[in-house]
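Look at the two complexes coming up: chain A is in both, with chain B in one and chain C in the other.
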Partner chain A sequence: MSVIGSPVSRVDGPAKVNGEAHYAGEFAPKDLLYAATADSTCPAGTIVTLDTRDAARAPGVLLVLTHLNADRLPYQEPAERVAVDPVAGAQLRVLDGPAILFSGQPIALVVARTQAQAEYGASLVPAPYDADPPAKLRFDPALAQPTSEAAAKKKRGPETRKGDAEGAFARAPVTLDERYRLSREQHHPMEPHATVAEWTGDRLTLWSKTQWVGNERDEIARRFGLPPANVRVINPYVGGAFGSSLRTWPHVTLAAMAARRARRPVRLELTRRQLFTFVGHRGQSEQHVRLGADPNGRLLATICEATGQTSTYEEFAEPLLGPAGATYACDDRLTRYKLVPMNVNTPCPMRGPGWATGLVAQEMAMDELAERLGMDPIELRLRNYAERDPMKDLPWSSKALRECYAQGAERFGWSKRPLKPRARRDGRDLVGLGMATAIYDSGRYPTSASVALLPDGTALVRCATADMGPGTYTSMTQVAADALGLPLARVRFELGDSTFPPAKEHGGSTTMASVGPAIQEACGAVKAKLAGVADGAPITDFAAVLRRAGLDRIEAEASAKPDDAMKTHSINGFGAVFAEVRVDVDLCTIRATRIVGAYDAGRIVNPKLAHSQCIGGMVQGIGMALFEDVEWDEHLGRVSNGTIAEYIVPVNADIHDLDAIFVDTREPLLNPLGVKGVAELGLCGVAPAIANAVWHATGKRVRNLPITPDRLLTA
Partner chain B sequence: MTPFLYERAADRQGALALGARAGASYLGGGTNLVDLMRETIAHPELLVDVTGLSREIEDTPEGGLRIGAGVKNTAVAGDRRVRQRYPLLAQAILAGASAQIRNMATTGGNILQRTRCAYFYDDAARCNKRAPGAGCDAVEGFNRIHAILGASPACVATHPSDMCVALAALEATVTLEGQDGGREIAFADLHRLPGETPEVETQLRPGELITAVTLPPNGLAARSTYRKVRDRASYAFALVSVAAGLELEGGVIGDVRLALGGVAHKPWRAHAAEAALKGRPATESVFREAAEAELAPARPLRDNGFKIELARRVIVDTLVKLARTEETV
Partner chain C sequence: MTRDGGEAADPDWSRREIMITAAAAGGSVMSMGTTAAAAAKIAGPAGDRTIDLVLTINWTEHRLTGIEAHTTLLDALRDHLHLTGTKKGCGLGQCGACTVHVDGRRVNSCLTLAVMQQGKAITTIEGLAVQEALHPLQAAFVEHDGFQCGYCTPGQIMSGVACIAEGHAGSDDEIREWMSGNLCRCGAYSNIVASIRQAAAGKA
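Now for the complex of A and B:
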């Protein structure tokens, strides 16, 4: 019986609960030293002097590195940039010179015998700055520049056109013309980023929080001018990341630099405040949406002009206009994408990168259009249902969005929703219902995996992928058990080591589609090898076969890669998200009391994990809609609420009834498992569904997310 | 964190002797002070741990309750006498922080917790409270959570405690001990408005230790409530909060207490509103007048103007609800 499709509990759950699971910062090689950084307090300019004498004399301090004494590293260019890196610009070279590019940039690294000594030493490094040139600190769409050619090659702006959208908009009998803003957000995983670096001669081992051990190995090898084989990156467990550990950030370089100079292993763990300035964020955005429709709700023009945020030294452009291109049928369409370069650390992908952000504007705009048409929001979406990908002009590989609308609406009780806003009241609460479409593009990467059949009767499966929380350990164990015909208990899956067979990034909801098929291939290969020596014995008896043959293992490695389906078809996950909110009529406090998501994510390998993924996305969507707001001080060029107490994320008391259902589908082209990926999709559409529900409850449109009580009160 | 010495006080005299040393700070649960040390905002040279002292809740001969400064917030909120006779205080404490923090935090420490102003917490920003005379980045910066009442050009920070708003409404007194002896002061007089010296937050003299808070016999138990509006349902500081107690005699307001949180540098006793309520009929229009009277001097900053309207609504709504409440005791 197939174990794929079963709600298996996490195989790594017990280790995480009882403390056997070791996270990057918990590895402690012998003679470990501790590091902390002093960071710039000025957003742009030059360090005038750097007096490290007090820090060097502080108790326990062994080493202080600054741009004055740090090694100049070669920073070799890659042949081709990986998808997780910004499309253009030059990455921050830490301790490479006196130039300051953003407030929070590390300017000194202090290594000491204890963490507290290192932090105290770092607090003793004063740095006067020459604040020239003036910093660019305002997120003002008027200062935005079109995205570059490099971005255009990746279909990230600056402009896409089909037909005559502006003309069609001008002629449309029903129009909408609004701007939507989303605040900057931080990933804030439970586990802060940390790296432990140890050199043995010219070989470097890094225990480092990452969603991609292979890229961290290659990136650090290039930065230090080493052969990649000299670098090993180990990271068996990731305590959440949401995209913040896709890139190899400067703290990894710092840890390795310090360990080389100190000739001892060094640990560098970021503080909660440093997570705002070291490891990226979802930048601020404004989207100007213009929709034109006929009186029956058929879209005649869709125009979305988006402004994002990037740093002054790199161009971070993301697929923010994906939804505007792919969601609804419309012949006349236009998208534009600009970025405001600012003295900030470079943004990076954050769950549902681009798509979740784009959906905020698009799905709120569609709700407003439905209001103007006096039409049910689902009906408006069905009237513009895209039977092909309208922007790429390709057929979908599979699409069950209609079923998502129908099954989600049924589960949620959408049919009882009054069309008019402010129509339901329960005591002090105004009750509102809203919905939104979810869409995310699916992907798959070439991947390798190995399987070893061992004398103890277990199979050891390995791949250099990661598990930041979705349950890779568990789902891949299921795939391998199925392919080998073994019970789960006899399969062990290992990941998070760059010496394992290579995988690409654990991101973009690609892991199941990429790693799963590689494991299937490797299992097939090892079974073929076993057959060669087994004399017809069943696979379950391989321990006996090994004994008879005098072998200590039978091992095979295999690869799997996508075919050209992604070129001939548009492959996306879809969903419909429904939200109920209750708004205190006077105090304007909002509770998201009920959320239902119905998803077409292809085949579901583990319904328990997938459900967990999606309700986790709903929690994050509640944060996006109602709470999360990095307060960027335009005068100081600093985040003002840089703590986890003041950067508001949902807590348990904010979470009520969440449910996710999966329509029964199987993706025919992307991969043999039939999956399309779940994780990114789980955030998509949640925030606009909540925002639309707030309108339905109150009659007020708040187009700046998050919708905090003050914004609703003054709307 | 700057290196420091740690001493655990064995008794009150020992604590006061240690507390008199230069650079000494008393340490309660540490839920705020240790945070400030880790953020390099506070740099005490000596921490005098007083959590072993003043750990009793006792009835007073007058019929009140005396709460030792070392009693944990959880213990106060869970005390049967507090819950029955001073439900306002129990509600206010439970509206604050998280269960874990309340388990650590002491009564004295709660009273002396520092503002949550982001610029106070960021040593790269200017703050007159941290560095007197440096200037204030909050006035032109993010000041959504800042004061609308009693602020000064030097400081617009708010006091973050929920418990203290209830203590202000309950007319508690605070017992202070110093090496020169003890004294009692009204709770309302303990915290100061910022004026030109926002770094001086209370009337405490150097080395003085809060040893107890005394609640008077009247706990407003019949009709009282604590309402808090915050950004999320738990573990967030008040945007605006109200502690209210009401006595009604045939539809006419007798004794009334009203205090506001999240609006000023100190727990804000709403004397103007109380004066506008006493002896008047308990109607919504009277409540509205009282709220207007209290908030007339309110001055908004860039981001916190909403608090004026929000405070008005919370005051009126809370009083309406209280007036309708059947007496519970």
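Now for the complex of A and C:
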């Protein structure tokens, strides 16, 4: 059996279980100081005065920076906006002036000898505000504006049309017209974002939590007006991120500003509370869905009008309408996308950005349509199966969604599901089953990698990618071992250093499809070099070859980039998600007792790790469906449940039987490995499958996620 | 890297406010140079609130000199002793990432002060495996893929070892309940339960 496709345990597992894996905030250069920030408590306006005298006198405090004494940084413009940044607007410039754009914006930075001293010092900075202009605090779709030209270029609204959707909807014999809301969610990786900054002359080293060391280097270089070569970003382990470490956030700038002024290394680690306001979120959304169908369930009209939120200073638009466009065949379709600019910190991608959110509305709406038609929900989906991508009007590169429906249904026991809701009761519990389709747009980026064959008989493979949990260390070791014909134990893969060969963001499920081929190329190149000196010796004997040739290593670097496949074809991962819920008949407490996902993600490099990723997505989907809800006080303009006990995330007792299966496929076009990516797909479809199961259990539709007991009680 | 020794860039700040010394056994990182009394005296405006203390961590005595009295056990471990295997997830007792053992009982190290734990046996993830390279529960976590990013993992494992010792690992439901103080945002819960189930069975 090839090592690709084999369920090997994580190569970094031992370091993670014995405490040896070092995350960004754990690097402690000599003479390290600690920083904390004081953050605005008003959502919009101007700082009138800023009295830092008490903070400066507090125990252990060495430095207090505000807009009155901080360096003005050049913030050079990039030649081109990277995909991880919002589509338009100007990023927040920290300590650059008295203007307040959202509650939680850093207004002062305190550097002290210990973390506690820095936090205490920061608590002593009072700031009276002039609350003018009035803050924009209501998420009201009536206040929304169509997305901009810049968003349109990325196919994120403001409108797409095919045929005459409104006319077809008006004529359709069976219709559905509903609004679906999803609360704002926070990523809340268990590792809080942290940056340790150290200057040596005009060279800066950052140990910083990031999904993209290369961009963090470039971004910080531009903010400080440095050549990128003067900045090095190191981050070997990322303690989860889910999109929240794609961009370079203001705290990274603050850490570097502080270290430069203090002339000592500084650590700035965000508090759990600050993770609500420093690093983005999945903004709240409302989707107005109208579907029209004939009595046989054929879709005649698909209309989705989505409203998202963004900040007042940047436009964050995401592919929210992807599912409405691409999932089902329908000739008459219309999508619209608007945003409400608010005095909030800018949203950012969160696992399955856009697609997971879009699927919530679409898949709940399809379930309701199936109910109106008296049809099995899978049957309705099969009757509208898209044989090519209706949005891009391109053929799929590969699509095994039928197999996902069939194999998932079989594993789950879907055929025994009664069509009618509220049909099964077990003790105090109403039991219901629901399903949803999953789809996520696959991608691939140009990437480089290097391989060095070393005298100890091991190969060292490097790439400036990251591993926030999916298992990049392991899967890339597998790819390299396979390409070199070496056992796993003789291959070491290193990542997370901006001096390594470049990669793009570790996000959007693109890592396997992007980094894997670069490693294959680099391995091929190093084998060719070895052949030149090997005299026919097998590659496994390269240590002996090096010795004979008097070399201390043979090294090669190579790049791989996508061809035209993403232009000529629509390339997507697919899945079918099935959920069982139990609802207490009186209390309306909901438990997701069983979830099965069947996925077409192309070839699976490591089934053990891919399974973990998918069931991890199910846990987050349970959070999305039942718990996660940033409570927004629209009078104060603040998050009112700003800790990880009040913002409820799933705990172990919430999790029951989860299973993921992979249909046997191989993506023919995207990359030579045959992969399509797993991560985002694992979240897509989970929340609507649960919501549909709640309806099936109770006969009640709650179109406001999360479905909390109070919402279900009053539905 | 440790921050012992060396001069700071700015002469004003060249005083070392915290002395890290490891007394006796174990060959921990030692850093001498200033006496404890001197360190306490130079601790600046907070001098009147600093203390010296000795913590027994993983069978090794660690002397902390001139630290603030309100230093949490978590900050003492991570920031002062550079034992970063114990993680900080919230600092508020809400996530369990900072779980260690004090006299064999699991404790959120962010919710207790270092000064309160003198004379007690503190065990962290770095001291869990006694003879073998990995404790059986650590090995089970690797085998069952009981984590993804690994950040909650030391806390999960410390909690899991205690969960088994407490007799709270009798069934999957019981494990889930008694492991619910340890959040895992990557969602490795099912595999965590499988790891604990296996380690508990090995013990029985």
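Assume the second predicted complex is superposed on the first by the 714 of 715 C-alpha atoms of A that agree within 3 Å, B and C clash if a C-alpha of one lies under 4 Å from a C-alpha of the other, contacts with A are read in each partner's own complex, and residues count from 1 in each chain.
Convention: contacts are C-beta pairs under 8 Å (C-beta built on N, C-alpha and C of every residue); 3 or more make two chains touch, one makes a residue touch a chain.
Just so it is clear, the structure is predicted and the values come from calculations on it, not from any experiment.
A.B. asks: Per the contact definition in the header, classify A:R263: touching chain B only (first), chain C only (second), both, or neither.
C.D. replies: After superposition on chain A, A:R263 lies in contact with chain C alone.
A.B. asks: Touch check for A:P650: first (chain B), second (chain C), both, or neither?
C.D. replies: Both: A:P650 reaches chain B and chain C.
A.B. asks: So in the superposed three-chain picture, is A:R113 touching just chain B, just chain C, both, or none of them (first/second/both/neither)?
C.D. replies: After superposing on A, A:R113 lies in contact with chain C but is clear of chain B.
A.B. asks: Name the contact category of A:V17: first (chain B only), second (chain C only), both, or neither.
C.D. replies: second
A.B. asks: Is chain A touched at more residues by chain B or by chain C?
C.D. replies: For chain A, the partner with the higher number of touched residues is C.
A.B. asks: With both complexes superposed on chain A, which partner does A:P59 reach: first (chain B), second (chain C), both or neither?
C.D. replies: A:P59 contacts both chain B and chain C.
A.B. asks: Taking the superposition on A as described, I'd like to know which of chain B and chain C A:L636 touches: first, second, both or neither.
C.D. replies: Touch partner of A:L636: chain B, not chain C.
A.B. asks: If I apply the document's touch criterion, which positions on chain A are contacted by chain B in one structure and by chain C in the other?
C.D. replies: Common to the two interfaces on chain A: residues 59, 116, 643, 645, 650-653.
A.B. asks: What residues on chain A touch chain C, complex-wise?
C.D. replies: Residues 9-10, 12-23, 25-32, 34, 57-60, 62, 113-117, 187-192, 237-240, 242, 262-264, 269, 271-272, 468-471, 608-609, 611-613, 615-620, 643-645, 649-653, 655, 658.
A.B. asks: Over in the complex, which chain C residues touch chain A? Could you list them?
C.D. replies: Per the stated touch rule, the residues are 1-6, 8-10, 13, 17-18, 44-46, 49, 68, 70-72, 75, 78-79, 82-92, 94-95, 97, 124-126, 128-129, 133-134, 138-139, 141-143, 145, 147-154, 157, 175-177, 179-193.
A.B. asks: Over in the complex, which chain B residues touch chain A? Could you list them?
C.D. replies: Contact set of chain B toward chain A: 1-3, 39-40, 116, 118-119, 121-122, 124-125, 137, 140-142, 144, 229-236, 239, 303, 305-307, 309-310, 313-314, 317.
A.B. asks: Taking the complex as given, what residues does chain A use to touch chain B?
C.D. replies: Going by the criterion above, the answer is residues 41, 59, 103, 116, 119-120, 123, 273, 586-589, 591, 626-627, 631, 633, 635-636, 638, 640-643, 645-646, 648, 650-654, 708-710, 713-714.
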